[in-house]
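Sharing a structure below in structure tokens format, with a few things to ask.
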């Protein structure tokens, strides 16, 4: 066998090995967390309140906190993000304004979550505490909106760009206004793409911890209003693991989180496939 | 002509919509402005009063005695980040080349969702896995065979090494996805030309395709660096959080360290006024690190076009 | 040719220049397009005829970095004047595109799209419009039993007639057609040409075409474009049987293009 041939075999073996390693790491993490966490999950674990700082009992308040936080964050971020994308893609042409917004979106995407947390803490929790209630779901959500805005904007823009231009021209040529064309033609066609971006943002909010550590307050009580402090599942996992040392409870929460993320990724993937079919 | 072409008041809706959209588009500009403003407003006066060199290069962090030197945290951050890149970048790029050039489409379709899942797993779950599995493995090494070479505080398993490994895993998806996209974007003709000249498949990938995707691959590494630099929760859970500069030499990677992000997350909850300002100043340092990385990426992307 | 004198001028173009960024696409175009006739624009690809067509409903406004000099008047109104509402203009000047572009919803909704945008909501009224326009577009008999099917499920020729019906539902006076049959087979082309013949009783039609037989078959007047300039304009018969300019003759006899 020639030397070049042998080099190729060695090189491709190494590349395959790297891929195999990556897959193994993923499977190891998922299976390990599941094997220790799934046994914890039952109806009581999901629906009971925690006892002894979460060392015993269930994770119900954290589930509620996660749902509220995700709900409020998306409710606020969706119109702003999609609106920005519409403005960038449908209303203005390349120019300074567009560049500025592009740049800030990129910059916002790069900021570490703990810095969002710092800002959320000083602005929403301290400065606006009369409005937000201090550490609260509202403070966390407003911070979360800033974090997921770049994701929503970028993905929505992509979805809008995929709408064929002849349909826009066809509608405008019939003497409809720009907004009517967007409402009736562009947005409905871009909808699956926008939805995919929203589902992925849910994943980001569910997985985020540092920013919410400083803005949600970590209360273990069931939140009664959006102005109450709360904790998400991720935050709960962290606090239980670091403060109570009861790893089984942490693994139970971890297993719930992984199941959630798998569902989210599956949904986004399925939507994305439909999207590709539609435009091909 | 039946209809007049003159402007009608009916366009009010159009105008209102446009104004609303502009306001929404300004939200992200506004956000970053607010973040920057408050970060600097809270942190900058402190840096001024305390002295920038004392703050950046002071080696003692003792808020109870009003001593705020973050040099150990800078070193800690730099060490875990470099280790993460050293481990994560070669593996990530290898996987990217594998997915884009070597693997059959069927295999790519199986591996791609797994990489996406890796990106979606919450950092606290990585942290949990890190504490229970990776730290334990390092501990049995540091406490066992290497025990006689290491000081007692270096034998817990909470260490630069544990942090670096966890971060390396966490930045894999970023590096794989962006590098693979860059490699796929290289025109097929390049490779065909190389093959036409009698190169083997690997030679054409190695000497033509990968160099052509260079700037995308570098971008992926920089973005991965940003992710590692900014990661907080997983690193708090495995790095040990001791404020110290590790020993010089191989033993250093077994030392527990604290990162800039960890410093903020751990102490913000109970910090008094001056202490809090010091933490905001820590945030500024982090912010500047990230902005430098962003500018490098931006410059690279510009060069590309 | 004799009736030409009593027809009034619908569109009057005067010294029109058009630029994409620095590149000049139209050069000092002056044309008069009479009412209720079919006016054909012919010429090799890239000669500016489609660009010219799109200046008439200001669709070029959508393209980045374009600019325009000169005047276009429709019924005496300067359509690039700041007091002009582009939306109103486009209601009066309908357009049929080169590639059929039905919206991805039902046949019915495609035709009802324009009327709905204009605030017509009553079902009976919409039904009447849809039927009338589909009949005018000679499509009614083929689709009357499946108005709820998607517009994109039709054949290419049917799609193009659907797009024509969609335009008529807005009740324009002018219909612009940008190579409306270039994507169609000969049979579908024939149907659309017959339709154009019918339509000129009620509309002023400006049609861009690559196909010289088509221009000869459907149009009353023809303008020959070359490199952004109108080389010759006149009665279609005269252009095709007795062109005055050498370039026109070369083009219609197939020497280039």
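As written, the chains take the letters A, B and C, and residue 1 is the first residue of each chain.
In this text, contacts are C-beta pairs under 8 Å (C-beta built on N, C-alpha and C of every residue); 3 or more make two chains touch, one makes a residue touch a chain.
What you see is a predicted model; the values in this text were computed from it and never measured.
A.B. asks: Looking at mean CA positions, which chain is nearest the middle of everything shown?
C.D. replies: A
A.B. asks: Using the touch rule from the top, point out the two chains with the most contacting C-beta pairs.
C.D. replies: A-B
A.B. asks: Going by average Cα coordinates, which chain is farthest removed from chain A?
C.D. replies: Most remote chain from chain A, centroid-wise, comes out as C.
A.B. asks: Which whole number of Å gives the spacing of the CA centres of chain A and chain B?
C.D. replies: Roughly 17 Å separates the two chain centres.
A.B. asks: Cα centroid separation between chain A and chain C, in whole Å?
C.D. replies: So the centre of chain A lies 48 Å away from the centre of chain C.
A.B. asks: Once you find the CA centre of chain B and the CA centre of chain C, what distance in Å lies between them?
C.D. replies: Measuring from centre to centre gives 56 Å for this pair.
A.B. asks: Where does chain B touch two or more other chains at once, residue-wise?
C.D. replies: In chain B, 11 touch at least two other chains.
A.B. asks: List, in ascending order, every residue of chain C touching at least 2 other chains.
C.D. replies: Each of 87-89, 91-92 in chain C touches at least two other chains.
A.B. asks: Could you tell me which residues belong to chain A and also touch two or more other chains?
C.D. replies: In chain A, 177 touch at least two other chains.
A.B. asks: Can you name the residues of chain A that touch chain B in the complex?
C.D. replies: That would be residues 4-5, 7-8, 11-12, 14-19, 21-23, 25-26, 28-30, 32-33, 79-80, 83-84, 86-88, 91, 100-101, 103-108, 110-119, 121-123, 146, 149-150, 153, 177-179, 203, 206-210, 213-214, 234-235, 237-238, 241-242, 247, 250-251, 254, 257-258, 261-262, 264-265, 269 of chain A.
A.B. asks: Residues of chain C touching chain A in their complex?
C.D. replies: Counting only chain C, the residues touching chain A are 57, 59, 62, 64-65, 87-92, 94-95, 97, 99, 101, 103-104, 113-114, 117-118, 163, 166-167, 170, 172.
A.B. asks: Spell out the residues on chain B that touch chain A in their complex, using ranges where they run on.
C.D. replies: 11, 13-14, 17-18, 20-22, 24-29, 31-32, 34-35, 38-39, 42, 90-91, 94-95, 97-99, 102-103, 111, 113-118, 120-129, 131-133, 169, 172, 176, 200-203, 206, 226, 229-233, 236-237, 261, 264-265, 268-269, 279-280, 283, 286-287, 290-291, 293-294, 298
A.B. asks: So in the complex, which bits of chain A are touching chain C?
C.D. replies: Residues 93-94, 164, 166-177, 180, 184-185, 189 of chain A touch chain C in their complex.
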